[in-house]
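Each structure below appears as structure tokens.
Each of the next two complexes has subunit A plus one more chain, namely subunit B in the first and subunit C in the second.
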Partner chain A sequence: MPLRIVTGNHAAGHALSLAGEANRTARGTACGIYPITPQTEIVERVAAFPFSRGRVVAVESEHSAMAVTMGASVSGARAFTASSSNGIAYMVENIMVAGFYRLPIVMVAVNRTLGPPWNIWADQGDTLMLRDFPWIQLYAADNQEVHDLTLLAFRLAEDPRILLPVLVCMDAFIVSHTQAETELASPDEVDAFLPDLDLPHRLDPAHPRALGSMVWPDATVSHRMEIDEAMARVPNVMAECRARFREVFGRDPGGPLDALHTDAADAVLVASATVATTARGVVERRRAAGERVGLVKMRRYRPFPEAELVQACGGAGRIGVLDRDYAAGAGGVWWQDVRAGFQGRDETPLIQDYLLGIGGGDVTPALVNQVLDDLLNRRAAGPPVWADASGAFGPPAEVGA
Partner chain B sequence: MKIPDIACSEECLLRAGNTNCGGCGMSLGLNFLARALAEADETCQLAIPACCGIVAAGAFPTTAYSVPTVATTFAAAAAVASGMAAIRDLNGETHQVICWAGDGGTYDIGLATLSAAAERNEDIVYVCYDNEIYGNTGGQRSSATPPGARTTTTPAGKREAKKDIVGILAAHGVPYAATVSIAHPDDAARKFRTAFETTGTSFLLLHSPCPTGWKSEPGDSVHLVRLAVRSGLFPLYEVFDGVRYRINDAPDWTDPGEYFARQRRFATDAVDLDATRASCRRRFARLETLAEAFPA
Partner chain C sequence: MVEIRIHGRGGQGGVTLAKLVAASRFLQGRSVQAFGLYAAERSGAPVQAFCRFDDAPITNRNLIYEPDHVIVLDPTLVGPTIAAGLRPGGWILLNTEDPPDAFGDRFPHNRIATVDATAVARGHGLGTRSVPIVNTALAGAVGRMLGFPLNDMLAAVEHLGFGGANLHAARDAFDAVRTRDAPWDPTPLDTPAPGPGFGGVGRTPGFVEGAGGERPRIETGRWASEQPRRQQFVPPCNHVCPAGNDVQGFLHALADERIDDALEILLRTTPFPSVCGRVCPAPCMASCNRRDLDGAVDVRDLERLAGDRGSARLVPAEARDRHVAVVGSGPAGLAAAYHLALFGYRVTILEADTVLGGLLRTGIPDFRLPPDVLDREIDRILALGVEVRFGGAVDRRRLFAVAQEYDAVLVATGLQQARSLHLGVGDDDGVEQGIAFLDRIKRGHGPHLDGEAVVVVGGGNTAMDAARSALRLGAASVRVVYRRTRAEMPAIAEEIDEALDEGVEIDFLTQPLAVRRSAQADGDGGQPELVCRRMALGAPDASGRRSPVAVPDSEFTVGCHRLILALGQSPDLAVFPEGTEVREGAELLGILETPVYAVGDLATHDGTVAGAIGSGRRAALHVHQTFTGRVEVDGDRTRVRSDVDEWHDEVIRTDALRAHLFERQAPAHAPTLGLRDRRTTFDEVHGGLADAADARRCLSCGVCNECDLCVTYCPEGVLKRVGHDLVFDYAHCKGCGICVTECPRNVVFMNHL
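After this line comes the complex of A and B, so read on.
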């Protein structure tokens, strides 16, 4: 497929539509959709797609968008939707149910600040708050990753060893509305990549079941343990999906994380999405200047790739976590998982949290430089640092970095 | 855990082992539905929001329902059913997708969802079994609770009137909306059949006695809803396309006093019987006018 210049939203809408269309040889596709900035273009693209066996239901709320999507999924169809920010918050009850029902729904989320006060810019708080639900969470850093991870998400979600919904996240505007060269899949490629969906627990008149009726504690424990086992299978199955993706598309969609210059690094930054892209530039330049600094770019948040992260950090003594999110009273969300990942290891590095880009503030190379300086110079880890321009470091110096 | 296979019986939608109270109108309503399905040679799948109706299924891994059933979130039944109906239609299947919801899930928390499904004219059958109370949570008010009824959140008796939910659905122009009483089995059967035959949204309001919430004798259930029809408290009628009306059984204007007296949810002095009689007459006169002017 030739390169096209499209927005992140366009890439997502394209991937969702072709995935839905690919299930025309099975039970088709349906979804409930509802607009919210900056996600709206995605559902508009889906609504305009000429599905040969599909229905797009424009509903009255996000709660119902996920409900329609679940009704389709439980009937054995491929099902997906997209949302953002307060839309996700409004949808939460049914997001949770989709996971508990083990429905392989894919939702593209455009990470936007939760309000009020109203703010439409990038912030990951809207999806990270779903962290305790049975959803796999992937974070894309650019348009190509949005496209590729969305397609990969369907194969992963629908794998009979997994059967968990997947969230594919991108930063508001920086990715959702920015046009960039993107290789868009062809229908034939998507057909080849995604097998027909055969949901084992779909509604079946020959085997009538009540999905979601009451359970006692013992069955609840079984249910949660089965989710835990499926989550534990994600790393291997995702690796298989990644390999198959490479075969079909000739491109690497990426794994749970990328390590950059972490060998023999003194300090490693851990970042996701577009913040990781900015951090990559800074790390590359400072490496080239002889500093032993590295970066781990996170692509998967749930299940958290703990062992991979510890390994990727390669024994660095200092780790700085870049959080474009804030959990009230608890600092950054990624930081909490990173700290937990190192807990109990022989040599625990200094792990410092930096809250930056909150509410869509610019994360410039200069700011990341300041963060890296702070990390390299500090004696001990402290409370999360509010690292935005107005925060701990004051206005960033004009660095030619 | 292994889920046992359960043989499907059309005759019995709600099977033995369900958890409903004795005298529950909803149990009878489900039996009426089962009979109507069998007579019409139809099958169904159920979407049931949080309410006594889903608790009735009993505890996993068994289910009292003999058909595929999805427990939806409280507000979401009509939307989940929309997704189910979409995939049914895309696959050329013919079963009925039926929402079986309480008044809380219909008049209150699920109203926007139902309104949207009705506006889209989804091909579903939506049955609200109206026990005029949140039964499952122990008896709180809903906007279907009638004036004078004591609930745990209206301990002195509710002051506000009941919403006209059939009027609300009719205002959406749904192809079929009707009231159903378990004291009128033939009328009920015909209305279920009409709902099955209707393409688009059908709405049935089933007056559902709840001995637990109404503080009535279980053996009185059918008698009570019969009194409600006769006294004009719950007239039986149908609305087609939101504009054409048919009255099925005119009240004989039995005095409503007994209806109230036999339910301890109504304090003796909480219901203004004269005002109730007058409002029943007024509402029925309006229905008659509509049925004469715009007959079905």
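After this line comes the complex of A and C, so read on.
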């Protein structure tokens, strides 16, 4: 398919719609939707799509949106939804339930700052707070990744070895509302990539049974262990999905992370989403200038690609984690997982956390350069650094007379 | 990589311009980004959009602080920071009719291009007259400025799905753009580009530590293209009140349970709220916008409630040394005396009768207006120091004497000459004038009509009062004969209904011809009969009512022991010199220096108590103006005007009200006396309202009643009420218009800037 210039929301809506339509030879698609800035264009696009089998149900709240989506999924339909920020917070109870029900739902989340104070700009706190639920979490860095990871998510979620919901995240406005060249899939390609969904535990009136009844601790333990085993299978199954994606679409949707110039690097930045793309430009320029700096661009957060990360860092002595999120009393969320990943390894590197872009703060190449300088010159790791506390992204300067 | 920053106002299409430029490069195989800086701005707010393109894939995802070029969609945005960070030598493209040289001093480091994209857009009908969409024109200009072929730009316009006029606009602007050839100053800018810092400088105060601290102020009101304001119209009830009462005003006070204030508002214009609250035809209720929703507000009974239960202290102005005579103590004369006394004048009423009140005293039956109610309101007038001289009608000769004795004379003798019919019988032979009949009853000399058949001729309130009184005096039957139909009856509709309820029969389209006695065999005076004729409605007459015309050969008779004529009265003008043209506001006599005016029904022939009261007040104002040269009150309006509102002298249109914002609620009902008592006693029929709750149904049409919905719904908190004023913080009001759409009574309106 030719390139087009579209927004991240457009790319997500396109991928969701074609995935839903691709299940028409099985039980079709159905989902509940509820709009919220900056996700609204996604559900508008999905709601306008003429599905040949199934329907999109506009509901009165995010909580109900996920309830309808779960109902659709448990009946065997391909089910998806999208939300953002406080909408996700309101949806949380059902998000958790969807995971424990092992429903292969795909949710696109536009990462937006949780309020108050009220703020519509990018911040990953709204999805990282779901980290302990049985959801696979993927973070897209640009419009193309939004599109590709959304399609990949369906195949991954619905694989009988996995059967876990998948969250595909993008930064508010910086991706959701930014137009950039993007290759959009054709219906034929999506049909070829996504097999019909056949949910093994779907509810069927011909064979009545119940899901989620009261059980003894032993059954609960089994349930949790099954989830743990499915999570453990994600790396291999995701790799299979990635390979199949390459076959069908002719491009690489990416794995759990990308390593850039990490060979023999003194310092490596670990970042995700658009912070990672801006950091990539900085690292490339400084590498070209002879500095031994690298970047690990994270794409998967859950299950956390611990081994891949340690390997990707290639023995660098200094690791700077860029967190566009803040866990109260604990610093950056990514930082905690990165530190845990290196726990117990030989020669643990200096791992420093930088909180930046919080509340949608603008992450410029200059800021990343300053972060990198700080990392390279630091004697020891310290508490997380509030890198953009200057309020760089304050209210726009007043212009005019 | 090339980075472009676009400055515009919300609604101008800046983001789309960024996308157009990006599309033009995308179609040439470049990597592109186009995005806006999204926030809570709305139409007219200064906004920014960004575009970057590069041969290599673009990695960074930040805003643009050091643009290669700047585009300004609205020249009013050109200020000190508009080119902040712009690289020396970079283009600044301005949408303006001015040439680039006009900006040479302002942007010495840059190349300048100008194009009147607004004129181009308007020329091609893009957008609206007030908000032209300039982005496709500017896309053409950008192409010319940056050296891209026109076809690249046209392809971008088409790629985004625009065609027709947009393509023409792009082409025109491409041709029309002017550039400045003068060399630019290549030295770096003084103003540093705004950019992110590192290390915690200039931290913004948070919730707790920053509480009470100084915060940057954004004067969002500067974005506004519209501002809300408050306006006040004349409500229809106020407009039609013959007495000039502030109906909405007293209802508002009653709705607030401020009965004394309600009375005080009424007493500004009328000394007779308790009287009018019983006998007024209430044109206010006919004009009430609530009438067609769920029934008019019961203004009449609410006025009665305020008059009966409120208390107010009247303080006349300082005494003035002029002495005014008022001839006649009907409602017009008493109202004039009341207002003159309040102005501080010495007033003497000359009353030919032995009682005060005129027709209020002698012509309205007790069951509609109990005498003690009238006494109380007249006593309030007399308590202002008004003097009374009883006895002796003022005739033409005496009028001259009075005019010599007083500084001004108001003649308010009303309509005293009862019209008659020539029925071939004398007055003493069972035929009586209605006003004389009512007068007799009021003075305690009512006849016993046991078993009589009574016929009343006429269709006004006197006819209804006479008929209902006759029933109470024991008549066996009471028929009203009226030449026209019910629709033409001048009597108050409610009184017609009550008469019918009590057993009065009405023969419409019936003309009485003669009273005769049917011949009796024994030669005794037989049964008296009224010979009548059927009528039909013909063409409308001068009053707009259709004239009755006789139906040939339709005579018939009705039994009639007593015939009461209530055909209306006309003024007795014999008091004035022959040929005097008597009309309201005209100075009469003209022989003496003393101003003499005719007041009330004598001058207006209006025939209602409220009309007489209004005429009396206008006369008092007129006299006051004659004496002092000052106009104290502006016409019939008594409301205090505030400077902050816009005032309209016209009545608010019904369709300007937002009827859907009013809750429907049935009107309150006053109790009435039982029918048996109504046929046998002169006790007051109406009991009056139990409370003032019905006042809360007043829609307050076109007048702010301080419901404060606008304040409640203002999403910006920039609207508050201070005292009775609505205060808008225009420095921060964006003009969203929610206050306007939430105002039920169209008081808050939008003012285009």
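One rule holds for everything that comes next: the second predicted complex is superposed on the first by the 388 of 401 C-alpha atoms of A that agree within 3 Å, B and C clash if a C-alpha of one lies under 4 Å from a C-alpha of the other, contacts with A are read in each partner's own complex, and residues count from 1 in each chain.
Everything below uses one rule, namely that contacts are C-beta pairs under 8 Å (C-beta built on N, C-alpha and C of every residue); 3 or more make two chains touch, one makes a residue touch a chain.
In this text, all values refer to a predicted model and were calculated from it rather than measured experimentally.
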| item | value |
| --- | --- |
| First, second, both or neither for A:Glu60, with subunit B first and subunit C second | first |
| Partner chain(s) touched by A:Val68 [first = subunit B, second = subunit C, both, neither] | first |
| First (subunit B), second (subunit C), both or neither touched by A:Ala210 | first |
| Partner chain(s) touched by A:Thr274 [first = subunit B, second = subunit C, both, neither] | second |
| Touched partner set for A:Asn377, first subunit B, second subunit C, both or neither | neither |
| Partner chain(s) touched by A:Gly28 [first = subunit B, second = subunit C, both, neither] | first |
| Residue numbers on subunit B that touch subunit A, as the complex places them | 1, 3, 5-6, 8, 43, 45, 47, 54-55, 57-61, 63-73, 75-76, 78-91, 95, 112-113, 115-116, 119-120 |
| Touch list for subunit C against partner subunit A, complex | 7, 19, 22-23, 26, 31-39, 46, 48, 58-63, 65, 76-79, 81-82, 84, 194-204, 207, 216, 218-219, 222 |
| Complex contact set, residues of subunit A against subunit C | 3, 5, 38, 117, 120, 142, 171, 173-175, 177-181, 274-275, 277-278, 280-281, 284, 361-367, 370-371, 374, 386-401 |
| Interfacial residue positions of subunit A with respect to subunit B in the complex | 27-28, 30, 32, 53-55, 57, 59-61, 63-65, 67-77, 79, 93-94, 97, 203-216, 219, 222 |
